[in-house]
Structure formats: structure tokens, C-alpha cells
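Listed below are the structures to be examined.
The following pair of complexes shares a single chain, chain A, combined with chain B in the former and chain C in the latter.
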Partner chain A sequence: MAAVERKQKRVLWAISIPMAILALSAVYPIFFTINAALKTRKGFVLDRFGLATDPTFANFSQAWNQSRLSEYFTNSVVVTIGAVLLLLLVSSLAGYALAILRFRGSKLIFTIILVSLMIPVQVVLVPFYRTMIALDLINSRAGLIIAYTAFFLPFSVYLMTAFYARLPRELFEAAQIDGAGLVQVWWHIMLPMGKPALITLGILNTLYCWNDLLISLLVLQDQRTLMVGIAALRGEYTTNVPLLAAGICLAAAPIVIIYMIFQRQIVSGIAVGAVKG
Partner chain B sequence: MTSTMIAKETESRQPTAGRRSIFGNNAHRLAYLFVLPALVLVILFRIVPLIWGLGYSFTDYNGMSTPTFVGVQNYVAIAHDPVFLDSLINMLILLATLPIWIGLPLVLAILIHQGVPGGKLFRAVYFFPAVLSSVIVGAIFNMLLRYDGSFNAALKAMGFSAIDWLGNSNTALFSLIAVQLWATFGMSLLIFLAGLSTVPSDMLEAAKLDGAKLMQTWWYIVIPSIRPIIEFAAVVTTIGMLTSMFGLIYVLTAGGPGTATTLPEFLIWLEQGKMNRPGYASAISMVLFLMMGGLAWIQIRIMSKNADL
Partner chain C sequence: MKATNRTLRAGTMLAAAFTLAIGFAGTASADTTLTVWDWKNGDPVTADYYAAVKKDFEAAHPGVTVKYVMQPHDQYYTLLGTAISSGQGPDVVLLHGGSQAKERVSALTKLDDKVADIKGTVAGWDEFTGADGGLYAVPISIQGFAVYYNKDLFAKAGLDPEKTPKSWADLSATAEALKKAGVAPFALGNKEGFGADFFLSAVAANGWTKAQQDAWTKGDLKWSSPEVKAIVQAWVDTKGAGWYADGANSTAKFMDEYESFERGENAQTIGLISDVAHWKEFDEFLGADKVGVYVMPPIAGGDGSLKLPLAGGIGYGVTKFSPNQDLAADLVKSFADTDHMKIFFETAGAIPANTKVDTSDTKSPSAKVILAWLSDGVPLAHNNMSTAEVEEWHRQSQLLFTGETTVDKAVARLDDVQAQSKKK
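== the complex of A and B ==
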């Protein structure tokens, strides 16, 4: 018995070696990029893989200023914050109505919203674009905020509804006896009680909005979000790898920071829907 | 948010009359109002465009003209369009790699769950690329895999000959698939780990007492007990293959060389933009919708069952 267990332990230790190699391959491209960003163009051509012993930050300032990443960065920040706030507002209201209030047709509405998960942007590309033109939402950051909200909403409504459905109903019954109005209940009870789900959604939607390319390409044409900017930079500076690498680092930095701070919430949010509860 | 919640939930779900509104009749109208913004956004930007697109797909609309009805002409045309057929073949090749997309993260998840030393760190590292956007991933791997890129430089330094990973039609699609797998396998890993955490540990203990080998417990106990999770991951991964490759294709290969890395979702973009054939693009959209519709339906069924409404 003990021998079996000891053997299993040894097997697990042995297995951790290939897993560590795989882990290295998962981080090496990122390390390579940061390292390249710290080299001069000449320094990179001479030695691609060596450690940047004499790091320069010139690439970062060039990408930020001359390549206008600062402008794209602002666009991305504005659009992401706007869309995330709108998503949280709309989905917590909808989740409240669908999970707690329940009314005739609330199940049908929940199904309609969930079914729209089946309709990705690519499938409605042409008419979606026409709709945006018709509503005068093309080429505006407000338009992109609304587009993001529409496309990332079903999952948010799903999560809020599922989360609220599991809260004890005594909470709201007590509030009813107190004579609190529905809006007050939403503000004073639903929002605070929904905090774990709202935080998860806030983070996941930040990732989705910040990382999006297709919707942004379609909606914003004169302005650019960061991802559109990086895609363009990739085309323009095929030979200046350090500059491109610096741009990549700048565009990824906020996401990396968010991942490091909120890893737990992201991890728990990913599996929602797959596992009951 | 799992076990305590469920306990509370069963307590609170007594058979009271108040399963419907607990706030009186007046509440109904406000409740509709609360759900209205979500409903309007979804209908206006997704459901109406879907129906509208279905309509476009039967017209000769070119972006400016008034669309006239042409029946199934667009569908006949795409069935004879070599570019579309290429994109379908590419898609089938991609779909054929599904076992790797499931097997690799599944094995890793089981190992981490079994307590491989450093498991928590592995989980964090493996998942990390999944939070990066496909543009970032594409740009990084473009630097590495281009013909004059760093991967080839390393190969040459080791005495091998360089390969045009992205520019050769024999390797481009596999490069694309490998990069996407690199970027997203951590997602399924997390789903599997969440599933594994629900497997009762006494079942594993009992198997151990019976002297079952590690592999046997995996095959006969662990994997069957998370089968629904594996199916969910397979469905979600397949949907991702059909609809989440745009960013990577756009940045890494732009669909080329030729049509080597063009997938239907990328072709839709090309058709509606460059070639100004939105009617035609809509027909491809509808084919893509049909292909993923069934899959998405399964996903939604699982999700709405798990939502516990």
C-alpha cells in the first residue's frame, strides 16, 4: 500500500519535469518579446536571443509617441471602461428581473438572450454593420461601447441570473415587508449581494473588450483601438522588431497586471456554465 | 460560490406561493422595464441582423444597389467557389485536431489535480497566454515564425535549414493551429480543473485501497465522472474553432499564402469588405451559422440546465 503510494509520488515528480518544460514554452515567447523590446534595432539584429544587457526604453517612447499608441491607448481605455460599466448595469438589472422578480415570459426572455450566444459577429457582419450605420453609431466610441455591450451581454446576463437565482429569497422578502421599492432593493440589496459575480464579470468583460479586434475594426474606422493599432504596427514595421515588441508590451501590460491581481476571479469565471453551481 | 450557496439555496426554496413575484402586482411592469435594455440590445444587434442577413443572402446586394431577390443563387455560387471550398477544407483540418485540444489540457488537468509538484504554478502559467488577445499572440508569433524570424535563426544556428512556417502553404495552417492551441489550451484546462474538483475524493480513495493503478483510476473513475464537462469543453472548443480565429488569422497570416489559412469566418470579412459583395458574404455567414448552430444549441442547453432557474 505505502509502496504503491510512494511509487505514485515518484511518478508525479517525474511527470512534473515535462510539465515544467511545457510551462517554459508557454512563457518563453513572452519573455522573448520583452527582451527584444529592450534592445536597440542593431542590438537585436546582432543578437536576437541574448539577454538585453544594456536595456533601452527608446522603443517604448517611440511606440507611444510617434506610432500614436498613446492615442489608441486612450481610445481602448475609454471604450473598455464605458462598455464594462454598461454591461454590469444592464446585466444586473436583467438578472434581478429574471431570477428574483420573475414575471410572465421571463423564462422566454432568458432563453432569447441565451440563444443569442449562438450568433457571433461573423454571422451577422453585414447587417450588423448596416444597423450601426442606420443608427449613426459608426465611427464613434459611444457606438463601439454599445456594440461591445450587445455582443458580450448574453453571457453577463446568464451569469447574473444564475448567481441571483441561488441567493436566499428571505433577503428580498424581508425587504418587501420593509416596503422598499424595487429600485431601492436593486440598489441596496442586489448590487451589494451580487458583488462576487459583478467583479468576475467586470474582469472578464474588460479582457474581452480590451482584446477585441473584429468589432473594433468594423465600428471605428478613423480612430483606432489599441489592438487595431498593434495589428497595423505589425504590418508597417516588419523589420523593426524591437519597436513592434515594445508596442506589444504596452498593449498587453494592462491585461497582464489585471491577470496578476485578479487571477482567482478570472479562473473561477472561466468555468461558469460548465459546472453546476 | 459553490457549496455554501447550494446549501442556502435548498433552505430557501421552500414551496411557498412566492415563486412568482414577491413584490405584488405593480412589480411586473417595473420588472419588464429592468430587463428591457438587455432585451433591446440583443434583439437589435443580434437577432434582427441575423434575420436581415438571411434575407440578404437571397439577394444580389453589393453594398450600394437596392437588393433584388435572386433566390439561392448565392448559395449555388459559394458551392462552386474554390476559395470557399478551400476554407471549408481548412476548417475540416482544424476540426480534425480536436482530440489534441481536449486531450492535452485534460491530461494536464488530471496531473495537476493528482498533485503534481508545482501544480498551482503550472495552472497559472498555462492559462496565462489565454488572457492575451489574439492580436498580441499573432504579433508575437509573427516575429518568431517569419522566414527571417527568430525561430528560423535558432534553427539555422543549430545547423538545420530554415522553413517558411507562415509563407509555405504546407506549413502555414499547422502553424496557425499550433499557435492558437498554444494560446488557448489553458482555457480548457481550467474548465477541466473545475470539473475535477467536483469528483468525490472518497471514490478515488476507495479505488486506491483496491490497489488500482493511477492510470486505471483515471480511465475508469475520473474521466467518466467528468464526462459532461469534457463534452462541454469539446463543444466550446469547436465553436471557438469556427468563430474565434479571426484575430489570429488577421495578424499572423492574413489568410495566406493563397487560401492556405483562410477559414470561413475570415472569408466573410474579406467578402464583405474588400470585394464588396455583402449578399454573397451573408450566404457564407448563414452556412457558418448552420454549422455552429447545433453545437451552440448543446452549449446553451447545458448552460441553462446549470443555471438552476
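== the complex of A and C ==
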């Protein structure tokens, strides 16, 4: 018995050591970034990897005020909230229609949505940009909200359709027998029942919108979002690494907080997405 | 459950309202906004300069707001290209002097009439002059290459820290003394080939005659000609003689090379006089009294005088599609205004394009030396090469260091590229 326990302990150690190294490799960049953010540029150049012995928060205030991350932060918050709310609304309605209403051509529409999931954003950038110019949506936050909604909608619709398709059809039929119209069924039955999927979608789309660089770079050329602001902290030839690190910390903070609060839903979101439609 | 339902319903209702509200927000404004695109205004060292320009301009033009938009530098010209092709975007744009400005002349407003009053006080116009002879941007900085050195390391090698090399023989003797003292004579980063650019321009500056510089610009002075080949040979010889710290081909010039110099690991570096890798930065790390500066002597030739290789640095232009042409032109001039340029010089360390800036109270010994050189400069050779030639020189310079090519083969290849570029 003791021999078995010893063997188990050895196996545990054998697994734990490489896992610890792996964990360290994931944690170290975060530590490096925070440590660098607490150094002056001179302190960083003279000792890149050492601990910040005389920590300063000046980089955070410089990034926030002089590099205008506060302004970009507001833009990011506005477009992320706007896009996520719009995505939830549209995908919930579309999912309801495709999964429950079963109208003529619904399968074709669902197939088209699935196909559009397979098209990378980069492939459609040129026609997308031309369309945005034609619609006069360049340099408007509404334009970016619409762009995010368009790009992230196929996945959202797919997820909501898959989720609603799992619900018992009797719920819909019972509500109709009780005299509820289509909109009333969506409002009173589908929206509340779709809460788990909507929460998951909300979290995932928040991450997509908040972290996006490419679409924002094209659409909001005059008012920046936070991620583009962070990218702009990399200079022409030189980069003030402590300032950049402080900017990264500020940008990551809201997402880290959201993740910490909703980590169970984020993980379960993967399972929701895997449900067969 | 009821509470959740209410929240969900409220959320969906809010979505439409929120989007509509944002869509309308900011579309109507009674005031004029001048939008400025660049890659500099968010840098803390330039913050005072940009704040002063904005404050003074808005005070002088009531109802006008100056809006700075800092773009990521690596995407800057792509974004500017999309703005130009769509015919809408910023009123004022920052451009590098030389090809970046000249290639975009068709999208910029000719400023000759607007800048007539400051033309005599601002230097560096050539880099922003179109093929038609018109001026398309107002320079705010001057670019140039100087050799900065660490006086402490010179002293350690038994050299007189106040005596700088005046000839190639002096420079070689200096390098030998430093090597003997266990100090790498030069910091060098040639990962992207920039180290080779700097070497070429610095060495050619005082070795080529005016006629040779002109011939080089036209593509008539071949790489295989004795004057140019000697520089390529010197590039190889100096490496062989141990002038550089190890790993030059894997060291980024910006900023690994300069940071290495700032840490006191190498005695000398070919640096800039604009707002990066310059006297102010080196003063901060090594101490102003410990930093010296000199002009790189030529391998051979020249008239004995050592002039700084110079060119216009960066400048602001007005886009043709700006609906506020006169205001934008005023703003562009404001960037080069004497008082504002003084702030740019003092906080960012950039040598200003405005020659009227009072720099008499400058404390830095190296800045004083550089300022004294500005009145009489010579061309930057690598600025007058085609893009294809620059890229090929980057590649060949690295192959020469690794021994994968010879000087003869390298110059023959560069001759071909030069000839092809000239045909175009």
C-alpha cells in the first residue's frame, strides 16, 4: 500500500514540475509587464529584468492623461456596450426565428450564416471599407458598432439558434394556444429562457469588441479605441516600454475583472457553443 | 427570475436607444475642428509642445478646436493612404521628409503663398518640395548623423576625452586604444540594415565632393566606383578590425544599439539629432559632461573640413480635401513657430527646423556643438538612394558581415539594382 502511495506521489511530482514550469511561463509575461510599468524608462534600460526597487506610478498617469488613454477608454466602453447590446438583440431575434418559427428558406439562411462564419475578416476588408465610406460611417462610433455587429453576428446567431433549437417546442405552442403573438412569445418566453446563452454571448462579444484592433483601426480613424491607443504607444523607432506596459495594464484591467467575475460563464460558454443545432 | 426578465427586457430596449443616441451624437457641431494626424503627439516628451500649439492656436482662433489623433506608426502611411483614397480624413498630417512626403504631394496643398513669411526662418524645405518646386509641408525638425562618444570610456582607454578624431587614421587609432582597454569601440545594430545606412551616410558625407553627391542622387555614381566601394570595403574592414560589439546583425539599431551605449557598454555610436537617439537622451543616461560628439571623418578625400550630414526631418502638411484650408495652413505654421519650436527642442531634444529658436541657454555641451554645425551641412547619402537600393544595401551589408558575399559581388549586385531603379 505504501509502495503504491509512493509511486502515486512520484507520478504527481513528475506531472507537477512541468506543469509548474508551464504555469510560470504563462504568469511571467504578466509579472514582467507589471514590473516594467512600475519603472522609469531609465530604470528599465539600465535593468530590464530586475525588480522595480523604486516603483513609480507616473507611467500610469502619463498613459491615462498625456497619451489620452482615458479618451480612448471611453470610446472603447461606448462601442463595446453598444455593439454587445445590439448583437444580443439581433441574434436573439434571429435565433428565435430560425430555430422556432421554421419559415420557408430558414435552413438556407442558417446555412448562409454558417458559411459566413468561415470567412476571415481580412478577406472582406476592402469591400467593407468601401461600404463604410459609401454609407458615411467612417469616423463614427455608430459605424463601428454596426461593423462589430455585422462581423460578430454570424457566430451569435448560430449560437442562439443552436440554443433555442434545444428548448422544448411545446413551450412555444403552449404560449400560442394561450393567445400570445410571435413578439410576445419572444419577449416573455424566449428571452428569459435564453439567458444562459445570452450571458455567454455577451461575455464573448465583449472580449472580441474590447480587444479588436483591425476593424477599429479602419473605422474610427479620428477617435481611437483603447487597443489602437495602446498600439500607438509604440513609437516610430523607439518604444517607452514602461509607458507601454502601463497602458497594457490599464487596458487589460477591465477585461481581467470581467473574467474574474464571469469565469464560470465563460468556460460554460464553450459548452453552449458546442451544442448541436 | 422576474427581476432577471425585467433586466433582460430593459437591456434589449436600451440597445436600440443607445445605438441611435450614439449615432446622432457628435454629428452636429457649430465649431470648427481641425484634425491632426501624426505618430508623435501622445509621447510624454512631446506633450508640452503639442499642448502649447493647441492652446495658442485655439486662443488665437476662437471657435476652432485642434484635435490630435496619434496613429500607430507602423500603420500610419497605410491609414493615410486609405484617407487619401477616400478623399476624407485629417486636415493636417505629419510626414517624413524625402520620399514619404514627395510621394504624397498630389494629396497635399501647395503652401508657397501661405509660408512665404516663414520661409527664410525655417530650414529643411528641400525634403518637402515637390517635383514642381512647390512647398508641401512645413519642416519642424532637422535630421542628421553625428558620432556620440562616452568620455569616461575614452579616458579609461588613455585617450583625451576632449580630442576627437579628425581623420580616418585618427579614428582607427582611437578604436585600437579602446579595444586595448577592453571596450568595444562602437555600438552597432544592423538587424534591419539601418546600421549600414548610417555608416554609409556618415562616412560619405565628407569624403565625396559636391559633384559626387549630385551624381549619387541622380544614380550616376556607381557602387563599384572607387569612392563608394571604399566605403563598402571599410564596412567589412571595420568589422574585421573588431570595431563593433558582437551580434550586430541580430541587434536592433532602435533601440538596442542605443540602449547599449546608454548603459556604457560601448564607447561610441552613430546617433541622430532629431527627437530620438540624440544628445538629450545620452546626456540623461551618461551625464551631460560625459557625452561628446563629433562628425565622422571620411576614409579619404574631402577638403579637411568636417560637416554634419543633414536633411529636413519631419514636417506638417495640409491635405487637399480639408474643408478648412486657411485655418489648417495657419496651424501648420504654428507647429514651426519659434516659441513652440523652442519647447520642442527643450523637452524632446529635437534640433528645431526654425533657425530663430533661441538656444543660447542650452546647457548640454554636445547640443551646443551640434547647433554650431547646422549652418553648413552636407547631404545624407542614404536619403538619396532609391527604396530598392536601400533594401539591397541592407541585405548586402548583413551578408558582408556574415562572410556570405564579397565586396566585389556586393557592389556588382548593388550596381544592378541602382541601374534598374534609374530606368524606372
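In the analysis below, the second predicted complex is superposed on the first by the 250 of 277 C-alpha atoms of A that agree within 3 Å, B and C clash if a C-alpha of one lies under 4 Å from a C-alpha of the other, contacts with A are read in each partner's own complex, and residues count from 1 in each chain.
Keep this in mind: a residue touches a chain if its C-beta (ideal position, glycine included) is under 8 Å from a C-beta of that chain, and two chains touch if they have at least 3 such contacts.
Worth saying up front: this structure is predicted, and the values here are computed from it rather than measured.
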First, second, both or neither for A:Thr74, with chain B first and chain C second: neither
Per-residue touch tally on chain A - higher for chain B or for chain C: B
First, second, both or neither for A:Ala251, with chain B first and chain C second: first
Chain B versus chain C as contact partner of A:Ala231, first or second or both or neither: both
Which of chain B and chain C A:Leu22 touches, first, second, both or neither: first
Touched partner set for A:Phe128, first chain B, second chain C, both or neither: first
Where chain A meets both chain C and chain B, residue numbers: 129, 146, 231, 233-234, 238
Complex contacts: residues of chain A adjacent to chain C: 42, 45-46, 62, 66-68, 78, 81-82, 85-86, 88-89, 92, 129, 133, 138, 140-142, 145-146, 187-188, 191-192, 195, 198, 217-218, 221-224, 228-229, 231-240, 243
Complex contact set, residues of chain C against chain A: 1, 4-5, 8-9, 11-12, 14-16, 18-19, 22-27, 35, 39-40, 42-44, 47, 67, 69-75, 79, 82-83, 86, 88-90, 253-255, 259, 262-263, 276-277, 284-285
Contact footprint of chain B on chain A as seen in their complex: 1, 4-5, 8, 11-13, 15-16, 19-20, 22-23, 25-27, 29-30, 32-33, 36, 48-49, 90-91, 93-94, 96-104, 106-107, 109-120, 122-131, 146-147, 149-151, 153-154, 157-158, 161-163, 165-170, 172-173, 176, 182-183, 185-186, 196-197, 207, 210-214, 227, 230-231, 233-234, 238, 241, 244-245, 247-248, 251-252, 255-256, 258-259, 263, 266-268, 270-271, 273-277
Complex contacts: residues of chain B adjacent to chain A: 1-3, 5-6, 8-9, 11-13, 16, 18-24, 27-28, 30-32, 34-35, 37-39, 41-50, 52-53, 56, 108, 111, 114-118, 121-129, 131-136, 138-144, 146, 150, 153-154, 182, 186-187, 190-191, 193-195, 198, 208-209, 211, 214, 229, 232-233, 236, 243, 246-247, 250-251, 264-265, 268-269, 272, 278, 281-282, 285-286, 288-289, 292-293, 296-297, 299-300, 302-309
